[in-house]
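Presented sequentially are two complexes of chain A, the first with chain B as partner and the second with chain C.
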Partner chain A sequence: MSSVHIQNISKSFGKVEVLKDISLHIPDGEFVSLVGPSGCGKSTLLRIVAGLEHQSSGRIRINEDVIDGVRPSERNISMVFQSYALYPHLSVFDNIAVPLRMGRLNSVQRLPVLRHLLPGARATEKSIRDDVEEVASLLDMKHLLNRRPGQLSGGQRQRVAVGRAIVREPHAFLLDEPLSNLDAKLRVHMRTEIAQLHRRLGATFIYVTHDQAEAMTMSDRIAVLMDGELVQVGSPDEVYNDPQDIRVAEFIGSPKINVFDGEIRSDGGVDLHGVPTGMVSDAQTGPAQVGLRPEALRLAPLGEGLLNGTVTHIENLGAELMVHFANEAMDRPAIIRLDHIERHGLDVGKDIEIDFTPGAVRLFSAAGTRVPTEEFMEKQLVNA
Partner chain B sequence: MRRVHLSEIIKQLVLVIGAIIILAPFYQMITTSLKAPSEIADGTLWPIPREWHAVENYTEAFTATPLARYMFNGVIVTVSIFLLQILIALPCAYALSKLRWWGRDVVFALVLFCLLIPPHAVAIPVYVLFHSIGILDSYAALIVPFTISVFGIFLMRQFFMTVPDDLVDAARMDGISELGIVWRVMLPTALPALTAFGIFSVIAHWNDYFWPLIVLSSREYYTPPLGISVFRNEEFGFEFGPLMAAATVIIAPLVIAFLVAQRRFIEGITLTGMK
Partner chain C sequence: MSTPEAIYADEAARVSTSAARARARYQLIATLLSAPAVILMFLLLIGPVIAVFLLSFTDWSLGDAEFNWVGMATYDEMVEDDIFWKAITNTLIYVGIVIPGSIILGLGAALLIESVTVGRSLWRAIYFLPVMSTLIAMAVVWEFMLNAKFGMVSQVLGFFGVEAKSWLQEPDTALPALCLIAIWQALGFNMVLFMAGLTSIPRELYNAAEVDGVRSAWDRFWLVTWPLLTPVTMFVAIITAIRSFQVFDTVHVLTKGGPDNASMVLVYQIYQEGFEFFRSSYASALTMVFLAFIFLLTLVKVFAIERKLHYQ
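On to the complex of A and B.
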């Protein structure tokens, strides 16, 4: 198993720059997700690592070896594709055996009839069969080996694609949105299965997805790409709780983080819609954006809230409620997440007041970069 | 009772009339091949011969000329043409659909342009060329001009466009070479389209009368349509019985091949090989 170093990779298609100076070090055995909205360049980056696409500049190393210009098959990396890309005319067994046959048999030994006559081919064929069967039992699909891909369900095809990827024990696994063709229920199930597979194999995984939930639930680290730039790399907790850019904050987390108009006053205090939040910042004074996660907001008793608004919509998810509310100062409704027991008397059209702890505030400049903040009280104590 | 719409009746009627017009010559051919010369001369359309003459007609067809030999030539020529067409069209179609290279669109436009050139327009230049390299009157003269099928390249390219790129990339990751991808991945997925193309190609070259007539002079290379012309022109004059028997015999393989491949043929034409 191996580490993957992505060093200053840039890629342009004609005049369009799809990747801008991306650097990312993925240590041995790590599960890294590349997430971002569609068109952010994440798949292109994966294809460059795979060798299916060539970078305009930069280097890719596996362990200490520079692999630029090395053919995809010789990089010893395997890839699982969104459409599974199984060979439709081959059985499941043969699909999984293809990478082994290509690697272990020479071109004469692969000939249809002649191969049975050659010495050595038989022993190799036996070793291939053993390896395929081992992978099949690992993925619990021994009973499917004789079927054709056309006779399998989406989840089973997915499993065959994974089997074909793991059978040759590669340096690293690349997965390109492997779950997006599955239905919602199966997707959640396969999420667990892939995470368990990673734990069992202890291999390096690079996982591309546009679904932040997949990235959050499976990864050791998440790399967020936006418009061809690597905006933030960190553990799921870091990316969720400590976003360095408003785009990261908005992309990670569902429902989306609430963003309010704010201001940094000349004395350093941070206001939200003109109300002090209890946070201070050393950053340049002027307009700013205040981010608050839906679960950071609470209902407050009348007269004690920091924000008020009217309920515009309630999404009932059973265990919890998403309450949308708005006031005239907000250009779009904000969302507050409540336990279902807090629903008491809440309904569309009702006026509510909202409260939050100052520590939950994530402050961003008007341009969207994160601005460091401190709680007001602590600062006073230090000064005193 | 099911209600039958007038429009449905008209539709069926048109189809029935069309079928009759198309099948009538075949009907005439087959019934004539079973009748005695006197009865043929009467010009009746009655299907059942008063006097069966089938054995005589068909024996005559096979003995008076080397009909079997002509059919063997036909098989050699059509099969060679088809195999060579595949050998050339598949890699071309792959390069035009799945590889990115400078000038690809221009080359594809040229391929489309070549579809517009009728084969008769280039017949004389090709004849002169073959004369100067000395391969007139041979199997090569019958086969070589048709090895590059522009239509085949176009048809296979269109089919390959529907094969997902991921499949090609997966094959590359698995270590299959580019030519290997053509034969081990694209060919098996393209079988329906290939069958359709095969039927077009085999029918066209089995029935071709024009080109063999130009390049051949020795009878040993004659293809079936030329073989029939031998019947008519020389020793038999207007002996329609054996002539029609020979025609039935040379058409039979095509009809059988079509019936066998029919399902794949229709799949290939609608280009729905895979999801």
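On to the complex of A and C.
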């Protein structure tokens, strides 16, 4: 197993720059997700690592070896494709055996009839059979080995594609949106399976997805790509709780973070719709954006809230409620996540007041970059 | 009076009769709409085939006022006829050379044209030109090219020390020369079909093959291209076979089946017997053999292509 170093990778298709100076170090055995909206360049980056696409500038290293210009077949990297890319005319067994046959047999031994005549080939074929069957039992699909891909369900095909990837021992596994063709229920199930597979193999995984939930639930680290730029890299906790850019804050987390118009006053205090939030900032005074996660908002008793609004919609998810509310100062409704027990006869059209702890505030400049904040009391003490 | 069950049964009967009436009307309309096509097919295709079939059991010659039923006599004569067997053998040899020749070269041309980035449509046009040109006219051109004295083929081969000869007049080379022309003509058509087949192969399969360790174009071809082209190849083979069985125009223009029946093929024999010797009954019997071959190929097409060769 190996570490992957992505160094200053840029890529342009004609005049369109799809990747801008991306650097990312992935240590041995780590599960890294490249996540971002469609068109952000994440699949292109993965294909550059695989060698299926060539970077305009920058370097890729595996361990200490620079692999630029090395063909994909020589890079010893496995890949699971979004469409699975199974060979439709081959059985499941033969599909999984392809990488082994390419690696262990020479081109004479691969000839269809001769394969069974050459003594050396027969021994190798036996070792291939053993390895394929081991992978099949690992993935619980021994009974499918004789079928063709056309006779399999989407989930089973996905499993075959994973089997073909893990049957040899590559430097790294690249997965390009492997779950996006599955139905929602199966997707959640396969999430767990792939995470467990990673733990069992201890291998380096690079996983591309546009689904932030997949990235959050499976990864050691998440790399968020936006418009060809690597905006933030960090553990799921860091990316969720400490987003460095408003785009990261809005992309990670469901439902989306609430963003309110704010202002940094000349004395450093941070206001939300003109109401002090209890936070201060050293940043330049002027308009800013205040981010608050739905679970950071609470209902407040009447007269004690920092914000007020009218309930516009309630989503009942059983264990929890998503309450949408708006007031005339907001250009779109905000969402509060409440435990079901807190409903208290809430209903559409009802006026509510909202409260939050100052520490939950994530402040962003008008341009969208994160602005450091401190709680007001601490600031006072420091100054005194 | 009437129990609920009786009312229900009555209602059910009424519904089913009106459903039956609707179905009958639907069928009538369907029959009426397909009638023109069916009538024309009987008049122009199935009717004549039946007439030819019946004719093959008579001794009728073109222009005769009357005929006698002779049973299988015509077929007995055919089995004894050396020229018939020569024609069958030549036709099978011709088909056997033209199918692999035009498939391998057509696929090769398609792969080569797909691999170039510049001038793709120019190459495609060049290779497709023979398909669009009239074969009779092109046959005349070939006649000049294959001429012993001033033909281009003889001159080029002469450059390599091969003795010049009248390729179309020699028993050894007449049939191969006709095969060559057929391959030249069919190549472009097959190439276009293969190019369509190639574009339908998902790019990701080639990517997967590359990642799986496929290094050479040879392995890539056998792992992905060839298997995924199988349905197209079967189709091309059948189409080429049917067209090759029907070979007539080049034979008629260039060799007239000669020399000494060395290039006699089935359809040309049908033509000779029917329209030069006016032995219509014998020509009819030959036609039945020809139709049997075509029917066989159609069956192969139906079973092999439409049943088996779809992966998804």
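Points to keep in mind about this one:
Throughout what follows, the second predicted complex is superposed on the first by the 383 of 384 C-alpha atoms of A that agree within 3 Å, B and C clash if a C-alpha of one lies under 4 Å from a C-alpha of the other, contacts with A are read in each partner's own complex, and residues count from 1 in each chain.
The criterion applied here is as follows: contacts are C-beta pairs under 8 Å (C-beta built on N, C-alpha and C of every residue); 3 or more make two chains touch, one makes a residue touch a chain.
Note that this is a predicted model, so its numbers are computed, not measured.
The superposition on chain A brings chain B into a clash with chain C.
By the touch criterion defined above, A:G103 reaches both chain B and chain C.
In the superposed model, A:Y87 lies in contact with both chain B and chain C.
In the superposition on chain A, A:R148 makes contact with chain C only, while chain B stays out of contact range. Look at A:R164: by the touch rule set out above, it reaches both chain B and chain C. By the touch criterion stated above, A:P72 is placed in contact with chain B and with chain C alike. Residues 50, 52, 71-74, 77-79, 81-83, 85-90, 98-99, 102-103, 164 of chain A are contacted both by chain B in one complex and by chain C in the other.
Those residues of chain C lying in contact with chain A across their complex are 202, 204-205, 207-216, 218-219, 223-224, 227-228, 230, 311-312.
Residue ranges on chain A touching chain C, taken from their complex, read 50-52, 71-74, 77-79, 81-83, 85-90, 98-99, 102-103, 107, 110, 148-150, 164. Chain contact summary for the complex, chain B toward chain A: residues 164, 166-167, 169-176, 185, 188-189, 191, 274. Taken together, the chain A residues at the contact with chain B in this complex read 47, 50, 52, 71-74, 77-79, 81-90, 98-99, 102-103, 164.
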